[in-house]
Structure formats: structure tokens, C-alpha cells
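Each of the two complexes below includes subunit A, the first together with subunit B, the second together with subunit C.
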Partner chain A sequence: MERIAISVAALFAAVLVGGAFVFVSGGVASCRSGLDIAGVTFCYNPMQVFYELFLGALGNPLQGGWSPTNLSLAKTLQQTTLLIFAGLSVAVAFRAGLLNIGTQGQLVIGGFVTAITVVFAEPIVPGGLVGMLVLIPLGVLAGAIGGGLYGAIPGALKAYADANEVITTIMLNFVAVGITSTLLSWQFQDNNSTTAQTAPVPEYAEVPTIPYIGFDERVDFSLLALGFAVVLMLGIAWLFARTSFGYELRTSGIQPAAAAYGGVDGKRMTVATMSLSGALGGIAGAFWVLMVHGRWLKNVPSIGFDGIAVSVLAGSNPLGVGASAFLFGMLDSGESAIGSTTNVPPDLVGILSGLIILFVAMPEFFRMIGTRYVDVRSPEPARADGGSVPDDDNEATDESGGEDGG
Partner chain B sequence: MGKRFRRTREFIGRHPRAASLSAVAIALAFLWATPASWQTSTLRLAVPIALAAIGGIFAEKSGVINIGIEGLLIVSAFSSIIAVYWLGDGGATMGVSNLWWGLLVGILVSVLFALIFAIVCIEFKADQIIAGLAIWLISLGLAPFASRIVFGSPNTASVARFGSVTVPGLSEIPIVGYLLFDTEPQVYLMLAGTVAGWYLLSRTTFGRWVVASGENPKALDTAGVDVRKVRYAAVLLSGVFAGLGGAGFALGTLGTFAGGGDTAINGRGFIAIATYLLANYHPVGAVLSSFLFAGLNSLQTALQSAGYAIPTELIRTIPHMSVIVVLVLVGRTRLPDAAGDHYESGED
Partner chain C sequence: MTKPGPGTTDGAELAAGSEVDTADRGTGTGEAGTDLAVHLDGITKRFPGVVANDDVDLRVERGSVHALLGENGAGKTTLMNVLYGLYEPEAGRVVVDGTEHGFGSPQDAIDAGIGMIHQHFMLVDSMTVAENIALGNEPTKWFGMAVDREQIAREIDDLCDRYGFDVDPEATVEDLSVGVQQRVEILKALFRGTDVLILDEPTAVLTPQEVEDLYDVLDELTAQGKTVIFITHKLEEATHAADAITILRDGESVGTVAPERTDREDLAERMVGREVLLEVDADPVTTGKVVLSTRNVAVEDARGVDVVSGIDLDVRAGEIVGIAGVDGNGQAELIEAITGLRTPDAGTIAYEGTDITDWSRRRRIDAGMSYIPEDRHERGLVMPFDLVENSILGSQRSPEFAADGRIDWTAVRDYTDDLIDTYDVRPPDADADASSFSGGNQQKFIVGREFERDPSLVIATYPTRGVDIGSTEFIHDRLLELRREGVAIVLVSSKLDEVQALSDRLAVMYEGEFIDVTDPDAITEEELGLLMAGQQVDETGKGASDAGTVGTNGGESR
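Let's look at the complex of A and B:
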């Protein structure tokens, strides 16, 4: 309960600080009309910005003629789908006490493997419905394997060479871009285009929309994909709650020494967790290719980094990831809305998600405010589950050591 | 592999004089064997990494792991360029070149962010790693945001850069003269910062406090020193060093700041972290190992301009790959005992 309260409070705090920031930066920007205070013209109205950001992402439901299948909402749900995968990827690692900042790189690699696998399998597989039923699962599987193997690298480095996974995964994000761009220009560039991208996958290999219900075919969003994401989310929740693997994974995150005592091979657990996390990142890449663009583009949006925010806000709870992904899906979709209706740079969304992470990371702040008005007692600090000191597993038993000093 | 490396490092720890002598010998051999242009560009590219690493050492030694140092480099770099642009490119304000004002603004902005990070970590007991990541992600958004407001594009306009300053006499010294005494201000600042950082950490009372605050805060508290204040000072100091590095790099080497994607800092803050882990938190060692990464970086530029048919995109990631190799070699580093923990002074 407290966890949810903190997430909601963090969200409001981020919106408040973000709004104040927008207002102040409006004093620097130049514009024709704005609010004049003491000789300074403030160009941006934060209320309007957030109005556009959130309601724009839903397709302005307060205005007339709103239909649930509008383009903005489709874009929101499209981003939600991808962010569920990315958020789960980060959450799985967090729960095991590993900070996987490399979801972005795993997504880049996974999406690339998906695209080239499907393009190369195309001539062998018959077209039409059969092709669809073969190529889409094949593509998603290829993405999962690509991302999973790429995630296994920092896992193995952590397990067998004690290399801090935060730094290695961040570095591997850069390396992923280098590898894929090199392969692209070496072999896989679409020769009919000047944009850095692979050849398109056949149309029947793109994730189909359900006919008659759901969204227009032009919007690159499929309810089937969202459904798959939700099923996967429930699957991960089930994995955590009901399987011995999930139990061992969570124990490794909370109390590695106890897990080892209970017979968990910590090294294998680390590699397995990072592979699973990477595979989920790879699936995000697969759907980015098969649902959104129908090909892999060199310019990959930062879905993987947003996944960190999604997971942190959700407290690494798989079911929370769904709600959190929808929120960030709105931010991503609203990004284009504020880009077109206001002069505020759309990069604001990146700042906002950083602020949300910052506020979620400091639950003590809200407890201090909270205890002024209500008497809430929380026995343990609600830090992100991966919040143990990297490099230093043994110390994790000493996590609350600071509190002992008081 | 890691074990042998650790043994080497233990040897260095036991025989510091022998180690430094051999380091000097290796350095001289290197200087003799490599072209001057490569050396100067290495030195310049080392500026952000080395200074960020020294800053990171102070923060981490005091018990606050500052993984947001990449963010500090980013904000100081773009704010220094914007400041120079606003004050007037190529001009001077109050008799001092605007570049120096830009440097000052960069440092101040970096310190401001370090202060936010310090408050969040020390006052509100945030998880240091998550808060550091947040600082980085905020900076990643802030750089193109600010740039778009001022310049209408994610990249800033170009401003004039620092020119070389030649120290008469000293620059005539064979082998090292041209390198150390005929160079740009930010390189002098890096060298001075190295000495200052080393002196502060290992020769002053404050340095001992910083180390104690990270290793055994309770003992420091018992001795009557406020652990919180020491940690605040150390984190703010990391902001000063990182600001110097970011702004110096922007105004001395880049002259413009690309805010898109990973920005022009391109992971150098994280490389700095690997750098000081490699050097086991020794400021001089960190600067020397930053030459390793900067050298690889300038080697990449040299290879490209020499026209080798090596794919540029892959070459660009050589420094990042070498960080992974280094971390594998270093293996587990011994963090300060209380790093990552909150400390609350109690009355009991």
C-alpha cells in the first residue's frame, strides 16, 4: 500500500517540479505572447502543457467526437505495449537484485535479429496466413534469443568476473549501437532507401490488427500485441509468485546469503536472470520492428531507458508494470502532442521520467511529509529491490546498516 | 585473469616507489614511440574522464556512490556553451574572456546538480544508484530541451574555443615540454586538479575525514565530526571536478554540444567510474588510467582519418568495450565499507 502511495506521490511531485521548470524555462524562451511578470515574458503555460500531454495522449476525450479508437490513443497503447516488455525486462532483473540498465541495448540487438531473421526467412516460408503464423512467432523468438544472449553477457561477467553490471550494461548499450550499425552498413542496409534501415519485413509478417474491432490498420497498433504483453506480464507475475525459480530469484534479490544457504547457485541465477531480462528486452525490440515500423531502423527510440522508469515507478511489481507502462505510454504519445500544439520542446518528457525516478528513489521525502499529517509507520525502507550496492553482494545483508547507527 | 591483475595491484600497493618509477619509464617510452598529435589529442580527450574520475573518487570515498557523474558532465558542458553564447561569443565581460565565465557557469550548474543529488541521497536517504541514474536521465532530457529553447535545435551553436597557452621556457623541455606546457587551459586545469585532488585526499585532515566517512562513519561521528557535512562536501566537490571536466571539454575541445541521443559526452562519465575503479581510488592513478581510455579514443580518430577501412561505428565503441575488459580484469573492487549506506548520527 505504502508503495503505491509513494509512487503516486512521486508522480505528482514530478509533475509539480516539471511544471515549475517548464514555467521558468518559458522565461528564457522567446515568443510573441505570454504571461508578463516583472518585465519577463513567460512563454509556457505548464497547465496547458500537461493538459496537452495527458489528454492529448488519449485523443482529447473532453472534446466532442471522441472515439476510443483515435490515433493518439492508439499511439499511447502502442507505446504501452512496448513499455510493458521493457519494464518487465528491468523489473525481472531488479527483483533479483541486479540493475539491468542494458534493456536498451538488448532491445536494439533483439529488434535487429528479428528484422534480419524475418527478412531472410521470407523466401523460404509461404506467404499469406501461413507465413504470418510462422514468421511472427519466429521473429519474436529470434528477438528474444538475440536479446537474451546479449543480456547473458553482462550476467556472466557479473557472475564469473565480478564486473559491476550497472557499468557493463551501460557500456553494452553503446556497443549494441556500434555492432548493429556496422552490420547494417556491411550487409543489411535497405538499398532502396537513404535512411539507415533494414529491408522491410513482408506485410503479412507485421503483427495484424483484429478486423472490425480495434484500431485502424494505419496506426501501427495491434490489440493482439497488447494482449500478448498482458499475458506475458501475468506470466511473469505467476513466475514470481508460484514457481520455485521465481522464489529463488526473489530470494537472491532480497537476501543472497539466505538464497545460497537454501541451495541456489548464485552465479547461475545471475546469468539466468539477466538472460530472461535480456530476452524480454529483445521481445520489446521484436515488437518495435514487427508492429511499429515493419523494419529495423538505426534510430531506435529510448524505450529501454523508459523501461527503467516504468519498473522503478512500479516498484518492480510485474502487475504494477502494466499501469506504469500505460502512464509512460501516455507521456511518449503526449510528447508528439505537446510538440505540435505548444512550443515546449518535447524533450520535456525525458526530464519528467527522470524526475519520477528521482522522487520514487526517495521515499523518505514523502514519509517526512506524510508523518506530519498522518502517523504512518513503516518498518522497512521501500527502496528499489535492486538497490543493493553493486559489486558488493556480501554487503547486501548489511543493507539497512545505516539505520542501525540511529 | 582477475587474480593475477589483483596481485599486480597489490604489488603496486606494497612498492609504490618502484611502481611509480616503472610507470614513468613506460610513459617516457610511450612518448618517445608515439606521434605528438596523438599525444596531444589524448591529453585533451582525457580531460572530462580524468576530472570526473577525481570527483567520483571523493564522492565514493565518502560513502556516496555518484553514478550521476555522467549527468554532471552533460549539464556542465551544455550550460557552459550556452553561457558563452549569451555573454557574446569571442567577447569578454569585466575584462575576463567569456570562455572563463562559461567555465564558471558550467561548474556552478554541475555543483547545483550535485547538491540536488546530495540532498536526495543524504537527507532523504535515496537509493544512491537509482538517484544517480535519475540525475543522468534528467540531464539526457535537459540537454536537448535547453538547447531547443535557446538555439531551436538539439545541438547548440558553435562558440570559439580555448586557445593554446605556452609557458615560456618550460615548453622547451625535451619530450614532455610541448605536451605539458604548450597546451590549452583545460589541460592545465586537469593537471592542477590531479595534484589538488591527490593532495586533498591523502595529505589533509579533510581527506582523512572523507575516507573515514566512507569506511567507518560511526568512528568519525564519535570523533566529533559531522558525517553528513563531510559527505555533502565530498559530493559537492565531485560536482566541482565534474563541472570542470565537462565545461573544459566543451569549451576546449568540442566548441559545440550535441544534445541528441547519448549527447556529446557519450558515456565518458561512466568511463570515468571504470577509470577510478581500475586505479583503486587513487587520483593520480585514475588520471593515468584515463589516458588509456582517452588514448583509445584518439587512436580511433587517428585510424579513421588515416583512412583504414574499419567500420567507424564499431571503432567508436572501442573505449566502451575496453571499459568492459577493464572491469573484467579488475573484478571485485573493494568499495569503501559504508559506500551506499545512509548514516544517521544517533544519541544512543
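Let's look at the complex of A and C:
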């Protein structure tokens, strides 16, 4: 409960401060028209920025012909899908007390393995529906295994060589980029193209869209993929809440000593968690390949790093990851809209997501504000026999209660 | 020890406590006909959901030792925290030296001459005694430019002379024994000009000899006109050291008595609210086969120093083997090696005839090894989890609760409710976080969880630490019951009466070795205390040792 309140409050605080930021930065920008205050022209209107951000993310519902399947929303949901996988990856590790900064690298590797697996399996598998039913699961599985193995490396280093997983995962991100581009130029480069990318997967191996619910064709988004992300999200939530493994994972994250006492092998748990986390990162990469581009490109967007932000805002709660991923998906697709419809630099949207993280990271601040305005204590004295307290004592009670609240 | 002194304060007819309080109220500040150093009048302190102190009255005479006796959660520490300015009471007056105070912070209390020594010492380990004592109150010279070390040394010398302390001001605190550290804490309080000294469970960490020394210190303090209030739940201490005893039960004062007008049974009954059997009744039981057997077990610490060496220990079904010793003499490491939390550096451990030295903790749990850990906050409980989740810590993979890896939370909840019910965990709220329970209730819950696992070996380390007498009695009964059922039990405790009364055999551990294994009935508490301090008792003490129920392997390593 408190977690949700803090996240929402952080969001509002970020919007407020971010708006102020936009407004003030308008003072140093030059423009023809704007708001004049004391000789300074403020070019940007924060309200307009947020307005455009929303339109860019969701489309304009008030405009004629709006449907939930419009271009903007499709873009948002495409990002949401990928961010759910990436956010889950970070959240799983974090719940076990591990900071996986390497989701990005796991995503790069996972996506790469997916692409080459599908490309190389293509000639063996018949085309059409059969090909789709075989190649897509195969590709996702390959991505999960690739990312999982890549995640297991920092896990094993942590468990058996006592290497700090923050450092190893960050460094392995660079290694992932290096490995993939080396492999690409060695064997897997698409010969028909000058850009650094693999050969395309066959058309039927791209995640299909559901007929009749046609999202805008210009964006590669599939409701099936989003559905899979949501199912996976529920699965992780179930894993945490209902299974022995999830129980051990959470215990390890909160109190490693208690976990060891309860018979959890800490080293194996570390490796297992990092593998699971890496597998989720790899799945993100698989969907980036199979849904968005149909091939692996050397230029991988920073979905893995955004996953950290998603997970932090969600408080590492798998169900929260869904809402949080949607929000960051909106920011992402709204960012480009701001660039095209206003003269505000889209980088300011980056400031907004930075501020959200900043505020989420300071829960004490909101607790302080919360206790000031919400009376947490029961106003009635918890006294059974009542009655016998003289009046002046009652006053004293009220007084001290008031002081405590302040 | 007990001075004839002022008998009682409120009139020895205790039970009337709270009524007397109410009658007293409103007499105004200047009342004190007798010389009261501290008068707490009708203190009420509430926390969300609980009344920690309900209209409590406490009168402490100047120059006396006043014991505040009560079970866990009776509100003793809360009351003292009110006096020390850590809590603000909802109702009531705090009168010190005849003046009413409203302490907003400990600093106010310190200024009024009140000093408090917490259960866990607030000393900087790497600094010297003198630096610790002066910390925060350094006399300065050169207009505040430098600390006047000579003056500090002079004042400490004066204090030591006056109270007969033998403390080296230049020693580093981490090199000192716990008893001496406590004395440093007392010196620190005196250095600040304390007149009223509050001690929170001062004996919890001391050896019996150190406790005797502490009593002498208290005598010396009161002889010099200081006033001492000490918090305890141990009857012996209250009757032994105090001039007056105020008993708290469930946040209410049940009266103040003079120790010479009461006895242990009477005090215990007041404290618990019902009759308590203080003597445990351990009838001899025929022992079965050897359940646990260690051979030459050694453990090194991180620096490569042997903290446990050459331990041979045999525990048979149906017997309790006690391991006595002052904390930090290798008991913790030995137990970790037995329970599988640590791999021994040498030696073997066998369980029911099988060598389990390389077994994981998981396998040992599944094989029927129960373990009540020393540290309940770190190990025994996951503090942010509720009791339902905590109840399967260790059995999260047992077929009973988690067939095929899925936890059956309904079954777990029923089991938790049973545990709470059987072991009288209060408040009986399975959904409350473990951290919200008092130490004693947390301990009862852990003990329950480990006893109900249907074990064949129970490793109980400090099973009654911080637990009040009512629950201690219950835990002891359960231990003896398990023993009758043929469970092998290892009992590690620093409470001498506990290990002596319960154990069939007793090993004393000192600096990582068993220096003696004896029949607990053939040794006096004093001898045991000396053994724990590392002194070998003469031969008479241990001759009888191996004669009793147990044969083999006294495990004497010297």
C-alpha cells in the first residue's frame, strides 16, 4: 500500500518539478513568442508539453476517428511490452538482493541468439503456420537461454569468486556488445545490407498480430506479445507468492542469514536468480528481434537500462512492473511527439524520467509529508477502563498528540 | 548485600498499587516527605494498539537500589525511557529531586542528573576508555581549541578512587571484557554528573563473577549517595541487590515490596499473575543410541585462528547435553558446524551413525535436525515477513507444506495458528510482521516452530534468552518432554541455573575447547562460574562426571 502511494506521489512530484524545469529552461531558450515576465521571455509552456506528451503517447481521444488502435498507442504498447520483460528481469534479481545492471547486455545477447537461431533454423522448418508455431517459440526459447547463460556468468562470479555483481554486470554489458559485433562481422552479417545487422527472419517468424484488432500497421506491435508479457508477469508474481523457490528467493533478498538458516544454498540461489533474470532480459531481446525489427541490429536501444527505472518505480513488484512499464512506454513514445510538435528539446522528457527515479529513491521524504497530513495513530486512546482520567490529563494527551504529528 | 534500608515506599501492601497512585495524585510537587530522588506519578504511555504503561507510579528513594521487575513486555524499559526523556508520556508527571520535569530529550534528562546504561553498550570500540568516557563532554583548554586530556585523566582517577573501580583509562575498549566495559559505561555516566543511574538488564551479558562484582559496584554507588534503578526479569537479582522492588505486569504496577518481606515464589506469582513452578523436574531417562557424534572438530575464523578445536561430543537419544560458557568462546562456531551453516576445518560430524560433515543445511533439516538459533533477528526470523511466512522457514520445501514446490498457504496458516496457540505467542496475530513482536514472543514462536518439526535432534542455543519466567517454564517443560520422547538435545546457554537444572551432562567451553565435562549435579554454581572463566577446578569436582547416565567420551581435550 505504502509503496503504491510513494510511487504515485513520486510521479506527481516529478511532473511538478519537471514542469518547473521545462518552464525555467524556456527562459534561456530564444523564441519569437512566449510569456514575458520581468523582461525575460519564457518560451516553453509546461502544460503544453505534458499535453503533447499525452497525445503523443495515447493519441487524441477527443479528435474524430480516434480508436484505441491508433499509431501513438501502438508505439506506447510496443515499448511497454519490451519494458515489462526488462523490468521483470531487474525486479527478479532485486528481490533476491542482487542488483542486475546487466539486463541490457543479456538483452543484446538474447536477441542475437534469437536472430541467428531463427535464421539458421529457417531452412529446416517448413514455412507457413507450422513455421510460425515452431520458429517463434524456438526463437524466444533461444533468447531466454542465451540471456540466461549470460546472466549466470555474473551470478557465478558473485557466488564463487565474491565479485560484486553491480560491477560485473555493468562490465559485461560492454562485453556483450563486443561479442555480438565480432560474431556479426565474422559470420552473421546480412550480405545484402551495409548496416550492421543480421539477415532478416522470415516473415512468418515475426510475432503475428491478431486479426480484426488491427493496430496501426506502421508500428510493429503485436497484442499477442503484450499478452505473453502480461502472462509472464503474472507467472513471476505467482512464483514469488506461491512457490518454495519464490519464498527462498525473497528470503535471500531480505535476510541472507535467515535464508541460510532455513536451508537455502546461497551460492546456488545467486546463480539461479541471475540466470532467471538474464533469461527475462534475453526474452526482451527475443521480442525486440521478432516483433520490432525482424532481425538483430547492432544498434540496440537502451531497453535494458530503462528496465532498471521500471523496476525501481514498481518497487520490484512484478505486478507493479506492468503499470510502471506502461508509464515509461508513454514517456518513450511521447518524447518523439514533443520533438515534432513543440520546439521543446525532447531531452527534457529524459529529465522527467530521471526525476521520477530520484523521487522514488527518497521514500522518507514522502513518509515525512505523509505523516504530517495523515494521522497514522488512532485518535482514540486505547484504554480499556476509560473514565478515570482527569480532564487536565486529557488535554495533555491531545497536546502531545498534536506535537507528535508535527 | 541487602541493606536494612528503607523498607518499602508505597507501603508493602502491594496489590493496591494503582489505587494508591490515584489517591496520591494531585498532592502537588512539593510533597516528598521522604527523600525521593525520582518520583514518577501516574505515567501512561501508549503506542498504537498497546498501552505500554498504564498509570504507573514509581517512587525511588535517594541512595537506594531500586529494582524494576517484570516479564518481557511488561513496560519496564518504556517506563525508564520516559524517565530518560526518550518518550513523552501521554499522562503523568516526572519528578526528579522534587522538581517536576518535562524531558523532551535525553539531554534534558542528563542535565537533570539522570544517566541510563542500555543493554547494548554505547561505546566506541576502537577508542580508549578515557576517550569514551569524555566523549561529548570533553573539558577543553586554550579557549576551546584543544581537549584537556590531563583533566580527563585526573577526573577519571578521582572517580575510580572514589568508587573503587579498577579500570585502566588508556586501555582500548575492544580489549576489555564485557564486565569492565559495563564499568566504563557507569564511569561515563558518573563523569557527566549523574545522580540517578538507570541500568537496563545489566546482568544479561555478565558471568556470575562479574554479576557479583556489579553488586559491589552498586553498593559503592549508593554508599556515595547515588541512586540506582535497574531493570530486570530475574528474581534472584531483584531480591539480592535491591532495597526495594517495584513489579510491573502488563504495563501496570502491581506494587512495591521490600526484598526481605518477600520470597521468590511470591515475586514470581506477582510478575506472572499465576503460580509458577520454579524448579524443573528432570527425572532420569534411559538414553538410547548416539544421535550426534563429533570427532575432533575444529573451526578457524577468518584470520585463520582456531576458535573451536578438538571437540569430541556424543549426544544420545533421550538426553540433554548442556554446553555452558561465556559468549564468544566458540560455542556459536561449534553449533554452526553441527547445524551445517559452516564447514568445519577439521574433524567429522556424524548423525545417527552417518557421516554428515559434507551435508548441506537443507539435508540436515530434512534429516530431523532442529535448531533454535542464537540470533533471532538475523537468523531465526525474517523480520519483514509475517508469522505465517516465518512458520515455514526451514520447512519451505517439506512435503507437508509444499508438495511439488508449491506452497499450500492454507495449511501453513492453520499450522501457524496452532503454533501461536500452543506456544502462547502474544498478540496472537498471524498476519503481523515478525518485527512487531517483543523479543520474548519472537523467541516463543521460533521455539515452537523448531520443536514442532518432529525432530530427532534439537540444538537449542539460548532458548530462553530474553524470555520471561512464565514462558521459560513452558519452554523448559517442552524440552524435557522432547527428552522423554527420546529426542537428543544440545542445550547451549550462559544461564547457569538453566544448564544445570536441565542437562544430564554438562560440558564447559572455554576458548574453543571443552575444558570439562561433568555431571551437573556434582558441581556448584561457583565452580561452574570459575570453569567458564577458564580456571580448572580441582579433581574432586569432576570425578563424578562420567559415572552418570552417560558413558563414552567425556571429550576432555586437555
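Note that the second predicted complex is superposed on the first by the 371 of 406 C-alpha atoms of A that agree within 3 Å, B and C clash if a C-alpha of one lies under 4 Å from a C-alpha of the other, contacts with A are read in each partner's own complex, and residues count from 1 in each chain.
Operating definition for what follows: contacts are C-beta pairs under 8 Å (C-beta built on N, C-alpha and C of every residue); 3 or more make two chains touch, one makes a residue touch a chain.
Bear in mind the structure is a predicted one, so any value in this text is a computation, not a measurement.
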Touching A:I167 in the superposition: subunit B (first), subunit C (second), both, neither? first
Looking only at subunit A, is it subunit B or subunit C that touches more of its residues? B
After lining up the shared chain so the two structures overlap, which partner does A:V349 touch, if you call subunit B first and subunit C second: first, second, both or neither? first
Touching A:G19, do we find subunit B (first), subunit C (second), both, or neither? neither
Just subunit B (first), just subunit C (second), both, or neither: which does A:V28 touch? first
Is A:P301 in contact with subunit B, with subunit C, with both, or with neither (first, second, both, neither)? neither
Name the contact category of A:P208: first (subunit B only), second (subunit C only), both, or neither. neither
Touching A:G339, do we find subunit B (first), subunit C (second), both, or neither? neither
For A:T251 in the superposed arrangement: first (subunit B), second (subunit C), both or neither? second
Residues of subunit A at both interfaces, subunit B in one complex, subunit C in the other: 381, 383-384, 388-390, 401, 403
In the complex, subunit A residues that touch subunit C: 242-245, 247-248, 251, 254-255, 257-258, 260-265, 376-378, 381-384, 388-390, 393, 396-397, 400-401, 403-404
Touching residues (chain side subunit B, partner subunit A) in the complex: 1-2, 65, 67, 120, 123-127, 129-131, 133-142, 144-146, 148-150, 154, 217-218, 221, 259, 262, 266-267, 270, 273-274, 277, 311, 313-317, 320-321, 323-324, 327-328, 330-333, 335, 338-346, 348
Within the complex, which stretch of subunit C touches subunit A? 22, 25, 42, 44, 46, 48-51, 54, 88, 90-92, 341, 360-362, 364-366, 371, 373, 375, 378-385, 389, 392-394, 396-397, 402, 405-407, 409
Which bits of subunit A are touching subunit B when the two form their complex? 25, 28-29, 99, 101, 157, 161-164, 166-168, 170-172, 174-175, 177-179, 181-182, 185-186, 305, 308-309, 312, 345, 347-355, 357-358, 360-362, 364-365, 368, 381, 383-384, 386-392, 395, 398-399, 401-403, 405-406
